[in-house]
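As written, the chains take the letters A, B, C, D and E, and residue 1 is the first residue of each chain.
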Amino acid sequence: MYAVRKKTIYAILLLSPLVFIFLSLFIGRYHVPLPAIVEILWCKLTLGYCNLPDTYVSVVWDIRLPRAILGALVGGCLAISGASFQGLFRNPLVSSGILGVSSGAGFGAALAILIFSTTSYIYVFAFFFGGLAVLMSYMIGRVYNTTPAIMLVLGGVIVSSVFSALISFAKYVADPYDQLPAIVFWLMGSLASARFQDIAVAGIPMAVGIAGLLAIRWRINVLSMGDKEARSLGINTALSKGIVISCATLATAGAVCVSGIIGWVGLVIPHIGRMLVGNDNRVLIPASLSLGACFMLLVDNLGRVITGSEIPLGILTAIVGGPFFVYLLKKTKGGGW
Amino acid sequence: MSLIELKDASFGYNQQDIFKGISFKIGKGEIFCIIGPNGCGKTTLLDTILGILKLRQGDVLINGSNIQKMRPHEIARQIAYIPQAHSKTFPYTVLDVVLMGRAAYTGIFSSPADEDVVIAEEALALVGLTRLKSRPYTQLSGGEGQLVMIARALAQKTPLLIMDEPTAHLDFKHELTVLETIVQLINDTNLSIIMATHFPNHAFYFENNNIKTSVALMDQKTFSQVGRPADIISEENLMMLYNINAKVVSCHIGSGAELKQIIPISTIS
Amino acid sequence: LLALLLVAGCAQNNPAGNEAGRPEKQGAVTVTDFIGRQVAVPDNVERIGCLYAFSGHVVAMLGRGGDIVAVVEGLKRDVIMGELCPGIGEALVPASSGAVNVEELLNARPDLVFIRSETAANEGEKAKLEKTGIPYLVVDYRNMKEQMYIVEMIGQAVGEKERALKYNEYYQRCIDRVQERVQNIPLDERVRIYHSINEATRTDARDTLPADWTQVVGAINVSVNEELKFLEDKYFAGLEQILLWDPEVIIVNEAGVADYIMTNTQWSSLSAVKNNKVYQMPIGISRWGHPGSLETPLAILWTAKTLYPDLFSDIDLVAETKYFYREIFNYPISDQLVAQVLSGKGMRAPKGKAN
Amino acid sequence: MSLIELKDASFGYNQQDIFKGISFKIGKGEIFCIIGPNGCGKTTLLDTILGILKLRQGDVLINGSNIQKMRPHEIARQIAYIPQAHSKTFPYTVLDVVLMGRAAYTGIFSSPADEDVVIAEEALALVGLTRLKSRPYTQLSGGEGQLVMIARALAQKTPLLIMDEPTAHLDFKHELTVLETIVQLINDTNLSIIMATHFPNHAFYFENNNIKTSVALMDQKTFSQVGRPADIISEENLMMLYNINAKVVSCHIGSGAELKQIIPISTIS
Amino acid sequence: MYAVRKKTIYAILLLSPLVFIFLSLFIGRYHVPLPAIVEILWCKLTLGYCNLPDTYVSVVWDIRLPRAILGALVGGCLAISGASFQGLFRNPLVSSGILGVSSGAGFGAALAILIFSTTSYIYVFAFFFGGLAVLMSYMIGRVYNTTPAIMLVLGGVIVSSVFSALISFAKYVADPYDQLPAIVFWLMGSLASARFQDIAVAGIPMAVGIAGLLAIRWRINVLSMGDKEARSLGINTALSKGIVISCATLATAGAVCVSGIIGWVGLVIPHIGRMLVGNDNRVLIPASLSLGACFMLLVDNLGRVITGSEIPLGILTAIVGGPFFVYLLKKTKGGGW
């Protein structure tokens, strides 16, 4: 019975983002008739030829689909890394960007634009500096190793703020006519400009990060007992933490590359997950992934249809998610806690 | 070869030593009780044996190999640990906590298998907490929480158990259950145990159950005495160790057997 | 009352602006946009998307305001824009802060879109626009020359090159008129000005449009070539820095800022304040002289006259203003409105009452 | 009038009751020991007496006035509490922690005065921790930490002390110190004590020192028996309570006096 | 001896911001001769007449002095509220804005600009919405009352993000020509234009907040033992918490009004304090106040002298403070922890 229930839960968690992605194809300001959408999907997937207006094809296949896929990935990545970090650092107030990866990646991107004046090296630089920021936080955290969790997180806060400052500095020295707009636009981020290429470039690290976190999810339970106990239970804490941090960094950096710095999802979605499925990371981690993806798609779709000029993601995430969180809190009486 | 051996071990947090020059060895099926005043360094010593703190000097050998060279999961398949204090964070269920005892047998990228769940449930049954298995462990009473920690260590299925005051917070019934479980496990599986305790009576209990028991009195940064309980736990030694008056009494139990007990009477001012 | 007047004025004008001014069909043109792209623009552009406010102003000036089908939100708030483009209230808003919602853009069915350089700086945005097949042109400039070029480019693209050239001619004439008289002023007699943009301490940096036009009017713009504080894409000067510059004249482009400066003790020791030389610039379709304003020629005249009243006593700003809006914009501006523009007050529709 | 009185008290976390219909009263200079299995609700009961948890039914009266109507600092001048578990956060010094016992005597906008520091230092001296007074209390051993909590309660200088397993983690010496301190305080200041403990022997100890001692056996959601230790702590009652075999032995101490002790022997399977 | 040491510490803590304020008068782009500065101070304080150039007087008295005073107040307020909240919530990762006061105040200001299109009602609205945000966090935190600290903080995070989103929304609907710049300018905040009026309006709530927190500082020690223990020690936890929260809210809201949303000081300065003076809030709270004030002035002055361009405060705070924090960490080996 238990096994059956578990399977049902996992099936729901797996299917719901797919359903949301599918539904996203039907939503948008431009009217594409339903049968056309289905036909486009069918002929594209079978590599056949679509006898439909070009505009229909490009709206559904080139604009909506990559956006939906990336949206799901981004939401999932932020939520899953947030949940993992919360477990790892035993602090429920920690979120996906806590070790500085977001601002590191942002700075990397700005630097790439500054140096090369083109956008080609952005991803490489963003990942490199995202990783560097995390590494720096890690080094600071290791200065004193009795309560490394707090120090690591504080290290992250410091590194993060230094990189944010460096971003401002990069903007300061950038050429206001070509580099600055590129930096600003990149930092603002937007799923709106998602392309299939982005899935290829940012999607792979995101997928690797997600896969890693899903695989190691039970270890996070054990790690959340604290370093000392985790070691005595047979965990190579340095290694396991390293893997969790690396995977979460990959996932978050990928998400930041696609959609800029979105803070909320990586903190609150895991808590919504806790209220719904409890704290066991075996379920919480996939649940966060799935919830994050669905939530992001929901918000993105809302943003696309409410007005023509796309309400920025950050606005809706909080305005839709905040009350939902409070509702859940009331309903479960803070069940997770 | 002894299961575990400490050679000339020393440790200190800062400049000051907590203990130095401690050596002992334990074979299969033996119990080693460490008795000493609060703050004498028992917990610290156990932490160094586990490799959680690094010795300043000396070595810890498990089955002849140095613990510094062993990987955590190798150590955890040899030694299970019941910590003195545990600070709770997320409200995991009791079963989930006990299941963590299986970490050493679970690959880094996998979750515990069904066999592991069975083992965890057996361990819970041993300490008598089956009925609480799906309760958040943050909502347990003090004693129940302690039993969960014991169950987790039992689920680790190791040849050596290190226990730091395992019966603190336990009632008579559970204290006896734990002691009896230990005796049974030693008889059945040849388990060995290192135990820090404030109850010399535990040592008598084990001796009485025909288990090879040693007692070490820890004081002045080292083991002042090591030996059989009957020899070591004497009124004089306790007076030296704690500066108290104590009485050793014998009482007849069930089948004509005798159980020795030490009873603290008063401090010496 | 004012609103009524405006509505009346506009009712007369619009048909003319939309229909009469339109030339016969023209052949396909290739234009080069700000970032150097060569774009083939269809021969008959009938629906125009202006995703950068400046381009909207230009299109309206060129008499094609009625063809604007997609805008950015800010364009809808402007009183004169509302007059020039009666349909602007219904225009779709497919862009905010540089990101374009192409689906909404497709709904607007524009034949041509003008975008800002931020949008073009992003590969994804470009790719998306290209997928729609709608030709787009990047609109931006950093000095008067480029501003003129961009106006010409827009004119070329929407088939109103002549009118665009007319604007440029006027632009150039204003420059020439002023240059001719100020070029002989020796350096040490040139007036040192401080130009406040929106906020009292926000000002001009080098390589910007205002730096360019303030130079033309024979002023020494104190903040150009100085190091400024840069925040959120804008340049600010420190208070002590301003005291150190001690400009002779302060021109401000936002209503209320002049009062702030005049009444603030921190500014009171400036010569400009002591001598009562803090001036509010006019606001027409945009703030004159603002980096995003196409009323630069008027700003040049106004500033020149303000700084050197003796040299430019023959220039009648009321007349120039009327001429500009009537001839270049083809907008029959009322005398009252001219006064209003020159006083710089009340030129934006209050929130929620967008046209 | 009794110092504290419980009338028909009931409580439960969720739908289920933890205990119900409990009544008792304690006068000045009396000790009330609550003994019961793990998870029977001792800690919960103490929390309701303190007003931390709210009774479902019934009242707690201190000196005749209902605790629900008293302000926190009034309660804290009457009752000091030694919790069973304490989770540490910031590394305050030991003295700072003990000083917190003076909160009830300190205005909301002031800090403890010099007299308060003196009182805190005396309390530390009573439990023998003076030498640790400026150490961060997060770096103490388990037993030392427990002593700090006791010192904090003593610094509160209340007529009633509520102790939840105060001697867990303490060695013989410190256990005796605590017991002796209690006896001395009762004799000197007519203190009263409510104590949850797993050691019936403590009750004997107090009785032996001529203190008015009552014992309540807590089981089945209520007090199954209440009375003098000698009457209540019997082999039969323990068998009923815990399902274990125990022996009551007497041993002669010092001056011809006798000390009764209960010794758990084995569980009954 | 102990009492003497304590007095020395307090004296240092009190004097150092004053010294910094005094020194600030000598620093700036505009050269005012030293004797003139002293003379101006003297005649202004004695209400006499200054026989010195107007510009000197206005640079020293109208520009530098209010800026220094407000800078000290702002830094002190942020740091003291951060330290108080960390103690109150038993979580070292909490900062002064945690209950949403900053974003609430920011939103209030934006709303005032939107509605009235002038800046006159800004302070009223900022304080009102700052308080409202905290109240809302508090209500959410009370939904479930077993571990209220976490819930309160999470409530704060939610409310905070909702208000941040509302700020973005206000920007989104604001007129890009006049309202938007006003909103952005206000949010960015700047000590640069600080006037004596601002001290009168924002300084009073800040001073009240500071005084309250200083007075109640020892209680925070007790509150940090957790609700249950604090109650049993005789603390009216609801009341005491209420006072701490109100005072911190006043102080932070005042600071936000003057200088926009500065995140870093309220989180990191208290930790620097912990490393220097330990965790006892009796010393930590005044130390944070003093350190925050000095730090803010230091950064502000540095910014003014390094280049004429006044490098933005945020950049300097992070770039100066970050490495300093790491240095301290290394030196004290994370002493506070």
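Definition applied: a contact is a pair of C-beta atoms (placed from the backbone, for glycine too) under 8 Å apart; a residue touches a chain by one contact, two chains touch by 3 or more.
Just so it is clear, the structure is predicted and the values come from calculations on it, not from any experiment.
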Q: List every chain that touches both subunit C and subunit E.
A: A
Q: Average the CA atoms of each chain to get its centre, and name the chain whose centre is farthest from that of subunit E.
A: B
Q) If every chain is reduced to the average of its C-alpha atoms, which one ends up farthest from subunit D? A) C
Q: State, to the nearest whole Å, the distance from the C-alpha centre of subunit D to the C-alpha centre of subunit E.
A: 44
Q. So how far apart, in whole Å, are subunit B and subunit E when each is placed at the average of its C-alpha atoms?
A. 51
Q) Taking each chain's centre as the mean of its CA atoms, how far is subunit A from subunit C in angstrom? A) 40
**Q.** Averaged-CA centre spacing for the pair subunit E and subunit A, given as whole angstrom
**A.** 32
Q: For subunit C, write out the residues touching at least two other chains, lowest number first.
A: 72-73, 96, 230-231
Q: Find every residue in subunit E that makes contact with two or more other chains and list them.
A: 172, 311-312, 337
Q: Would you give the residues of subunit D that are in contact with at least 2 other chains, written as numbers and ranges?
A: 87
Q | In contact (per the touch rule at the top): chain pairs | A | A-B, A-C, A-E, B-D, C-E, D-E
Q. What residues on subunit C touch subunit A, complex-wise?
A. 35, 72-73, 92-104, 106-107, 116-119, 121-125, 127-128, 131-133, 140, 142, 205, 207-208, 230-231, 233
**Q.** subunit E partner contacts - residues on subunit A that touch it in the complex
**A.** 91-94, 140, 143-144, 146-147, 150-151, 153-155, 157-159, 161-162, 164-166, 168-169, 172, 263-264, 267-268, 271, 311-312, 314-319, 322-323, 325-326, 329-330, 333-334, 337
(Q) Going by the contact rule set out above, which residues of subunit D touch subunit B in the complex? (A) 13, 36-39, 42-43, 84-85, 87-88, 139-144, 147, 164-165, 168-177, 180, 198, 201, 238, 242-247, 249, 251-254, 259, 261, 263-267
Q) Which residues of subunit E touch subunit C in their complex? A) 28-30, 53-55, 57-59, 62-64, 114, 117-118, 172-179, 181-182, 184-185, 188, 190, 192-193, 195-196, 304, 307-312
Q) Contact residues on subunit B for subunit A in the complex? A) 47, 50-52, 71-77, 79-81, 83, 86-87, 89-93, 96, 100-101, 103-106, 108-112, 152, 156
